[in-house]
Every structure is written in structure tokens, then in C-alpha cells.
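Two complexes are shown next, each including chain A; its partner changes from chain B in the first to chain C in the second.
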Partner chain A sequence: MTSRQRVMAALRREAVDRTPVCNPTSVATVELMDLVRAPFPDANRNPEMMARLAATSYTELGFDSVMPVFSIIQESSALGCKMQWEQKDNWPTVRMREPIWVEPDDIKIPPDFLTHPDMKCVLDAIKILRKEYGNEVAIIGKTMGPWTLGYHCFGVEPFLLMSLDDPGKTKLCLDRMKEATVQFGLAQIEAGADALTLPDHATGDLVSGEYYKRYLLDLHIELAERLPAALILHICGKTLDRMDYIAQTGMAAFHYDSKNLPSEAMSIVGNRISLVGNINNPETLFSKGPETVREEVYRNLESGVHLVGPECAIPLQTSIENLKEISRSVKDWHKDHSTSN
Partner chain B sequence: MDPHFHDISIALYRQESETGPTLLVHTYSSIEGAQQRIETLSATMATIGAMQQVEGAACQLRFSCGARHQLASRRLFLEACKLPPEGTSQPRPLSIFDKKSSANVTVSSLGNGVYQLSTDGDSEAASRRCSAITGGLAKLGEMESVEDGENRIAFSCGHAHDELTGLLLVRALNVRSTLREQEMAAARGQLAAPSAQKQ
Partner chain C sequence: MATISDISNEFVRNEIEEYIEEPDERERLLTTYAKISPEMQEIGAALVDGQHLTVDELTQKALAAGTDALEVMDDGLIAAMQIVGIKFRENFIYVPEVLGCARAMKAGMKHIQPILSASGIKPIAKVVMGTVKGDLHDIGKNLCIMMLQGAGFEVIDLGVDTKPDEFLAAVEENEAPLMGMSALLTTTMPNMAVTIEAFIDEDLRDDVRIMVGGAPVTQEFADEMGADGYGKDAMECVALAKRLVAEAVETPG
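And then the complex of A and B:
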């Protein structure tokens, strides 16, 4: 199987020759930036640099997927949020203390939304990767869900307070913001993306499973219906309490955090949705060595997780050696198991 | 990231060789002059931390005792990166003036990796500071306290490391701030969910 075939089959829960190593968020690091001369922040705004840095996931690290949308801010930039682009060793962020919207009627998707330079950069990078790598490797795009856009455009606290005080207004806001998710998703599919990560930060620390059901379940079902590509939902934190709901969305996969045990997560979702994850970032990939990385990879494989990779966008100072160990371990595990079987 | 050379990333990699653990100073940058910068940095580490450069591999370093000294070597790397490449680097002395106690603190090597800290201040505050600095030094160098003597600590390898001790002594005066700086550097570049970001 090619890397692309392997990833796409695993997203459909079909048979694979080995578990794919997948990166639905970002594996950009300062070392990789140096290697291909594509440093942040430029690599978030220049399509050639973005594609070059994204390709290292396949060419250097041995992953089966590439993901050019390293950050979570492209749409918010195009919607008019104030940005902090930062330097090479830090992530660009949205200045959420300076929200751009207060009421549902403020929500307006600008007519040039898809042609804004930060959106066009992603679309062009996907086209470059498709042209360069053809059908070899799975190209994953990213479109932010409406809950995350709510945090960015309304501010975290005002948006959460609105969800407590006025559920109707919150649902109206989510409904309007989801059009941005759909537009950007469709554009990336058209540009050549095989699958889309859909981060929607209803994270375990602030939002309960019941909240997920109330505000996002139906909306995610609708997104899965309207976006004709495999969707990979990404939510950080403890999410076992909502995995049953997530498994009902019709999305292809759920990218889950290391705060959830692979065996417990698998027992909840069964074969209803693929799981991607969940190698710990701050402690394992960033601070420990290859031996610990291998242990975590094996834990996922032994639980039957469908696609293995880091739990979230990896810290920019992570060593290349630790990242290479993920694909090495997956291959070794399958070699050992095919021998013993 | 190296503020003295185009912000390239430089890392210290642990390696195992036939003769024991070594450390490799490495960059993935291929811009002109990057390799030379790495070699200069390795030489600086060798000078200020008395590490040995492995023959035929200028960027590979080891301690003569054969131990890893992980925390101390990491600190040595960070300190070497801070030094401007054009300057001449020298090992730090084993004595330093401590502003908080207005006294000099001296570290004496007693052999077999054991070090004794003392102060020329005769107040109780100076004595307390000397104990605190001993604790800081032990923390930064992963040194063990020696039971038969106050303010006496030792490297577990049983070998003297005067240059390394002198280097760590500077940071031992304010170990909390050093550790805080280390934590902040580690937190940089970690992507937090929007709900967890400092707004």
C-alpha cells in the first residue's frame, strides 16, 4: 500500500498492511524549519515554505500523511481578528482579548474570505503538495470548527458566558460561524486535500460531555454531511465523556489526547469511528527519549488504535529523533507481530 | 535558537559510543557558517566546562569521568550558547561575590568529586546563604550531599569537575530564577488550546 492508501483505508476502518502514522495537526519543529529553510512565521503565510515544511512529515519523519496547516489561526486572520504572528520558535496566536464580534448579527464572512492571503496560502500549499507528491502520501487539510471560531472572534470568556446565559443566541452564532468552516473545508478539498482535520476546542477542561451533545453533536453531524472528505475531529483534553457522541457524528476519525487511555477510548468508540493518537507531547515527545516514545506507540497499537501519531500539534522544540521513532516503532511492532503470528 | 547566528536551532543530542556516553552539538541548518558556529560552540563548551572533544569529531563531547552529568551538561550548553562567539571564553573561578550576603562564597575541591562551600562573611545570614547556595549547586549539578561535613557536596562519578562547578556556581546564587527561566524556555513553542491560552 502507498502511504495515502494506508491512511485512507484506516480512516474507513478497512484492512491495512500496517497501522499508518498520521499527523492531523502539526509536526513542524524548529529543526525541520532549519532543514528546509522554511521558518515560522513565514511558513504560515508563504505557500512554498508551507508546503516545503509540511512535506518533511513524509520525507524526513516517515509519516504517512502531510499537514500544511500548522496553526489554528488562518480563518480567524481572514475573518479580521487581530493576530500576533510571533517568531520562529513560537506559535502565531489570535489576540482574543480584542474580540471582533459581540452579537450574532456581527458575524459576517467577508466576500474575500477564501482569497485572503492567509487562506490562499493554505489552498496553494495543498495544490503544491498534490502536484509534488501525487498519490504517494495523504494530504490532510484543516478547517476550524465553529466553537473554536467562537473563542477567537468573541473571546473565550464572553463566548462561554453566552453559552451559559443564552443557549439560543449561542446556537445561532455557531450556526452562522459554521459557514466559514464549510467554505474553507470545501476549498481545501477542491485544492486536493484527501481529508480534513476539524479542530473544535470544546476541550475537556471547560466543556462537559453534555455540553458537547447540546451544542455540537448535531452541528458536527451536519458538517460531516456537507464536507465530502474524511473528517478528523480534534478536541484536546479528557474527552471520554463525549466519545460516544463523537462516534455518532459520521466523521471518519477522532484525534484524541493522551489524557485518555487508548484502551478505554477504543472500548467506547469500537468500530464506529477511527481513533488517531495519542502520543503525549509535553512529557514524552518533548522531554523524554525514543524509548518512552516507543512505549506509547506500542500502547496504542496494542489497543487497536487505527492511526498512530502525536496527540496534538507538537512543541516546536521537539527533537527530530523522537518524531522519527514513531514510525520506526510502528514498523517494528508490525514486524514482530507478523513474525509471531 | 541561537541569537548569535541567524536564530538557527542548535541541539545537544545524547549519544552512546563504545567508550561511554557522549554529547553531540548539532544543527540541521545548512546555511553558510552554521557548521563553523557549531564547532565554535563545542570548543566553548570544552573550555568552560572542561569537556573533551572526541578525536575526529569536533562537535562530539564527553566528560573525562565517563559520566553523563545530564543536567549540568545541559546548563553548560545553554551558557555556552549565550556567549558571543567573537569573545574569548574562560572557565569561571571557584569563588563569587554574593550580593545578598555581601560576602564571597568559595568552593574548594577536596578530591574524589567532593566540594566544600564556604563564606568569608561571619554573620548568620551569610552562613544561611552559603547553605542555600550549596543546595542550589547540588540541584543544578545533580550533586549529592556529603554527610560528614556542612555545605559539602559531591559528584556521584567521584571525579573533580572544577570548571563545571565554577560555571554552575554563578547560577546557584539564584537557583529559583534559573529554574524558572528553564521552565519558561521549555513552555515556549507549546501550542495550547484557545481556552488554555494566556489572552
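And then the complex of A and C:
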């Protein structure tokens, strides 16, 4: 199987020759930036650099996918949010303390949304990767979900207070913001993306599982119907209490955090959605060595997780050795298990 | 020993019965509330229920009736925030509800603070809080600040993207014995160590106790960089702050 075939099969929970290695968020690191001369912040704004850095996931680390959208800011930038672009050793961030919207009627998707430089950069990078790698490797795009756009555009605290004070108004806002999600998603599919990560940060560290059901379940079902590509939902933090709902969305996969045990996650979702994850970033990939990485890879494989990878966008100072260990461990595990079979 | 029937307010009684499961915490709250007047219990009930307009109105009414501002703060607001903190820790409520309760607390405090400031009554201690340089996330920090204020601390909030010299200046200017740093990104965590180094370089390290927190931060990381304590959530932050302040009093820098 090619890497692309492997990823796409795993997203459909079909047979694979081995578990694919994938990060639906970002594997950009400072070491990789230096290797291919594609440093932040430029690699977030220049399509050639973006593609070059994204490709290292496949060419250097042995992952089965490439994902060029390293941060979560493109849509918010195009919608008019103020940005802090930072330097090489930090991600660009939205200045959420300077929100651009207060009321539902403030929500407007500008006519030049898709041609905004930060959006066009992603579309061009996907085209470059598709042209360069053809059918070898899975190209995963990224389109931010409306809950996260709510944080960025309304501010985290105002948005969460709105959700408490006025559920109707909140749902209206989400309904209007989801059009940004759909527009950018469709454009990336057209550009050549095989799948799309959909981060929507209704994390258990902030809101309850009941919140997910109330505000996002139906919306995510709709997004799965409207976007004709495999969708990989990403929510950080504790999410076991909402995984049953997530498994009902019709999305291809859920990218889950290390705060949830692989075995528990698998027992909740069953065969309804693929799981991607969930190697710990700050404590394992960033701070420990290959042996600990291997343990976590094996824990996921033994639980039957469909695609193995880091739990989220990896820390920029993560060592390449730890990242390479993920692919090595997956291959070794399969070798051992086919031998023992 | 106080019992649930010693509490006059039905809402508060129900909150304690339903959500306070840990025996020591339940006993402490029963003892506290058994001594609190019905009027103050009513303020507390409104706060726990996130009714900021009611808290605003009842606080003003109590002060106008001659109730001591400190009593309104301690018995009406701070006691209720203990219930909120426990419910949050135990995942009975989440951040939106806590924000609602914090808004209610602020609604009461805006009437109380001027009176306390004018009378020279001191908070437990001053604490400087900020998210470190390069990091724009603040929800965790803000939750800690709400809980610290709810516990009687005076907080100097430096906001986000706070440089080491800004932490230094705030601690010096306010003579704060305590400081807290937050980081949500692994890329910005190292700035906690940089900030602690700045305090060492300026010969101020012994004058302040430094606590750290944030999603990627661990006890191990906190120890390695020389922090005095690590709190994994807002409730632990308050307990840690109290412990560090007590240590600072016992062994001044």
C-alpha cells in the first residue's frame, strides 16, 4: 500500500498493511524548519515554504500524511482578527483579547475570504504538495470549526458567557460561522486535499459533554454531510464524555488527546469512527526519550487505534528522533505481531 | 457540630447536600454557613447560581442597611466561591458556569472594594499574575485570578504576553510576596524559567514565592526551573497560594 492508500483505508476502517502514522495537526519543529529552510513565521505565509516544511513529515519522519496548516489562525486572519505572528520558535496566535465580533449580526464572511493571502497560502501549498507527491502520501488540510472561530472572533470569555446566558444566540452565531468552515474546507478539497482536520475546541477542560451535544453534534453532522472528504475532528483535552456523540457525527475520524486512555476511547467509539492519536506532547515527545514514545505507540496499537500519532500540534522544540521513533515503533510492532501470528 | 438543618437558605442547603461529597469539606462548609446570617446566605445562593444582578442588588441593600463590608465579602461572597470551586473541581460545573459565578462575585465586589480600600483593610496577600511572554492565552490564568480573589487575595493582573521585566516591576511596585505565571504552549513554557532567572539576576528571588501552571506545565518542569510550586488547576492554585504565603510569613526573604 502507498502511504496515501494506507491513511485513506484507515479512515474508512478498512484493512491496512500496517497502521498509518499521521498527525492531523502539525509536526513542524524548529529542527525541521532549519533542515528545509522554512522558518516560522514565513512558513505560515509563504506557500512554497509551507509545502516544503509540511513535506518533511513524510520525507524526514516517515509519517504517512502531510499537513501544511501548522497553526489555527488562517480563517480568523481572513475574517479580520488581529494576529500576533511571533518568531521562529513560537506559533502565530489570534489576539483573542481584541475580539472583532459581539453580536450575531457582526458575523460576516468577506467576499475575498478565500483569496486572503493567509488562506490562499494554504490552498497553494496543497496544490504544490499534490503536484510534488501525486498519490504517494495523504494530504490533510485543515478548516477550523465554528466553536473555535467563536473563541477567536468573540473572545474566549465573552463567547463562553454567551453560551451560558443565551443558547439561542450562541447557536445562531455558530450557524453563521460554520459557513466559513464549509467554504475553506471545500476550497482545500478542490485544491487536492484528501482529508480535512476540523479542530473545534469544545474541550472537556472548558465545557461539558452535554455542551458538545447541545451546540455541536448536529452542526458536526451537517459539516460531515456538506464536506465531501474524510473529516478528522480534533478536540484537545478530556473528551471521553463526548466520544459517543462524536462517533455519531458521520466524520471519518477523531483525533484525541493523551488525557484519554486508548482502550477506553476505543471501547466507546467501537467501529463507528476511526481514532487518531494520542502520544503525549509536553511530557513525552517534548520531554522524554524514544523509549517512552515507543510505549505510548504500543499502547495505542494494542488498543486497536486506527492511526497513530501525536495528540496535537507538536511542541516546536521536539526532537526529530522522538518523532522518527513513532514510525519505527509502528513498523516494529507490526513486524513482531505478524511474526507471532 | 453543625448540621444541614442549621443552614437557613434552601438553595445553599441543597448545594451542599448535592455537591459537597468530601466529608472534611462538607463539615467546614456546614460550620461556616451555620454562622452566616440569612441575608448573607441569600447573597451566596445568588452567586452560586450565577445571578449577578441579584448579587449586585442584595450587596447594595446589605451595605445600605449597615452590614459591615468585610462581612458581606467574607460571608456573602467568599464562602459561596468555596462551593463554586468544589463544584468546578469535581466537574459538576465547567468554565462557562464558573465565569458566570465570577461575574456575580465582581458585581458584589464593585460595591465592597471601595469601602475596604478606604478603611485600609488588607487582603490576605497581594499576588501578581500573568501569562508569560509570547503566550496570548489567559482563560486558565483568569480562572485562577477569580478563585484567588474569591479567597481574599488582591491580584495584580498583568494580562498576557508578559515580559520578565514586567513581572519584576509589578512585584517590586506592589511589594507582592507571591507571583503566578501561566503558559498554555510548550513553546512559551521556557519563558517561565527565563523570568525566574531575571528575578535571580536582580537579587529579588528571595523576596517572592513563584508558582506556575498551565496545560503543558508539570510538577517536574516546575521543579526543574526553580518555581516554588505548581498548581494543576484553579483550586490547587488557591491552596498553593495560601501555603506559599504562610511560608513567606514564617521565613521572610
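Please note the rule applied: the second predicted complex is superposed on the first by the 341 of 341 C-alpha atoms of A that agree within 3 Å, B and C clash if a C-alpha of one lies under 4 Å from a C-alpha of the other, contacts with A are read in each partner's own complex, and residues count from 1 in each chain.
The definition used in the following text is that a contact is a pair of C-beta atoms (placed from the backbone, for glycine too) under 8 Å apart; a residue touches a chain by one contact, two chains touch by 3 or more.
Keep in mind it's a predicted model, so treat the numbers as computed, not measured.
Visitor: Clash or fit: chain B and chain C on chain A?
Guide: When both complexes are placed onto chain A, chain B and chain C end up clashing with one another.
Visitor: Give one of first, second, both or neither to describe whether A:Ala229 is in contact with chain B, with chain C, with both, or with none.
Guide: Once the two structures are laid over each other on A, A:Ala229 reaches no partner at all.
Visitor: Contacts for A:Ile246 in the overlay, against chain B (first) and chain C (second): which applies, first, second, both or neither?
Guide: Neither partner.
Visitor: Would you check which partner chain A:Ala180 touches, where first means chain B only, second means chain C only, and both and neither mean what they say?
Guide: Once the two structures are laid over each other on A, A:Ala180 reaches no partner at all.
Visitor: On chain A, which partner touches more residues: chain B or chain C?
Guide: B
Visitor: After the superposition on A, what does A:Ser319 contact: first (chain B), second (chain C), both or neither?
Guide: first
Visitor: Report for A:Met266: first if it touches chain B alone, second if chain C alone, otherwise both or neither.
Guide: After superposition on chain A, A:Met266 lies in contact with neither partner.
Visitor: A:Glu283 in the overlay: touching chain B, chain C, both, or neither? Say first, second, both or neither.
Guide: second
Visitor: Please work out whether A:Ala195 is in contact with chain B alone, chain C alone, both, or neither, and reply first, second, both or neither.
Guide: A:Ala195: touches no partner chain.
Visitor: So, does A:Gln84 touch the first partner chain B, the second partner chain C, both, or neither?
Guide: In the superposed model, A:Gln84 contacts chain C only, not chain B.
Visitor: First (chain B), second (chain C), both or neither: which does A:Leu206 touch?
Guide: It touches chain B and chain C both.
Visitor: Would you please give the residues of chain A that touch chain B in one complex and also touch chain C in the other complex?
Guide: 89-91, 93-97, 156, 205-206, 237, 281-282, 286-287, 315-317
Visitor: Could you list, by residue number, the parts of chain A that touch chain C in their complex?
Guide: Touching chain C: residues 84, 86, 89-91, 93-97, 156-157, 160-161, 163-165, 205-208, 211, 237, 281-283, 286-287, 315-317 of chain A.
Visitor: Name, in rising order, each residue of chain C that touches chain A in their complex.
Guide: 50, 91, 94-97, 99-100, 103, 134-139, 142, 159-161, 185-189, 215-218, 220-221
Visitor: Give every residue of chain B touching chain A within the complex, in rising order.
Guide: 1, 7-9, 11, 13-14, 27-31, 186, 188-191, 193-197, 199
Visitor: Of all residues in chain A, which touch chain B in the complex?
Guide: 26, 29-35, 37, 39, 71-72, 87-91, 93-97, 148, 151-152, 155-156, 201, 203, 205-206, 236-237, 281-282, 286-287, 289, 312-313, 315-317, 319-321
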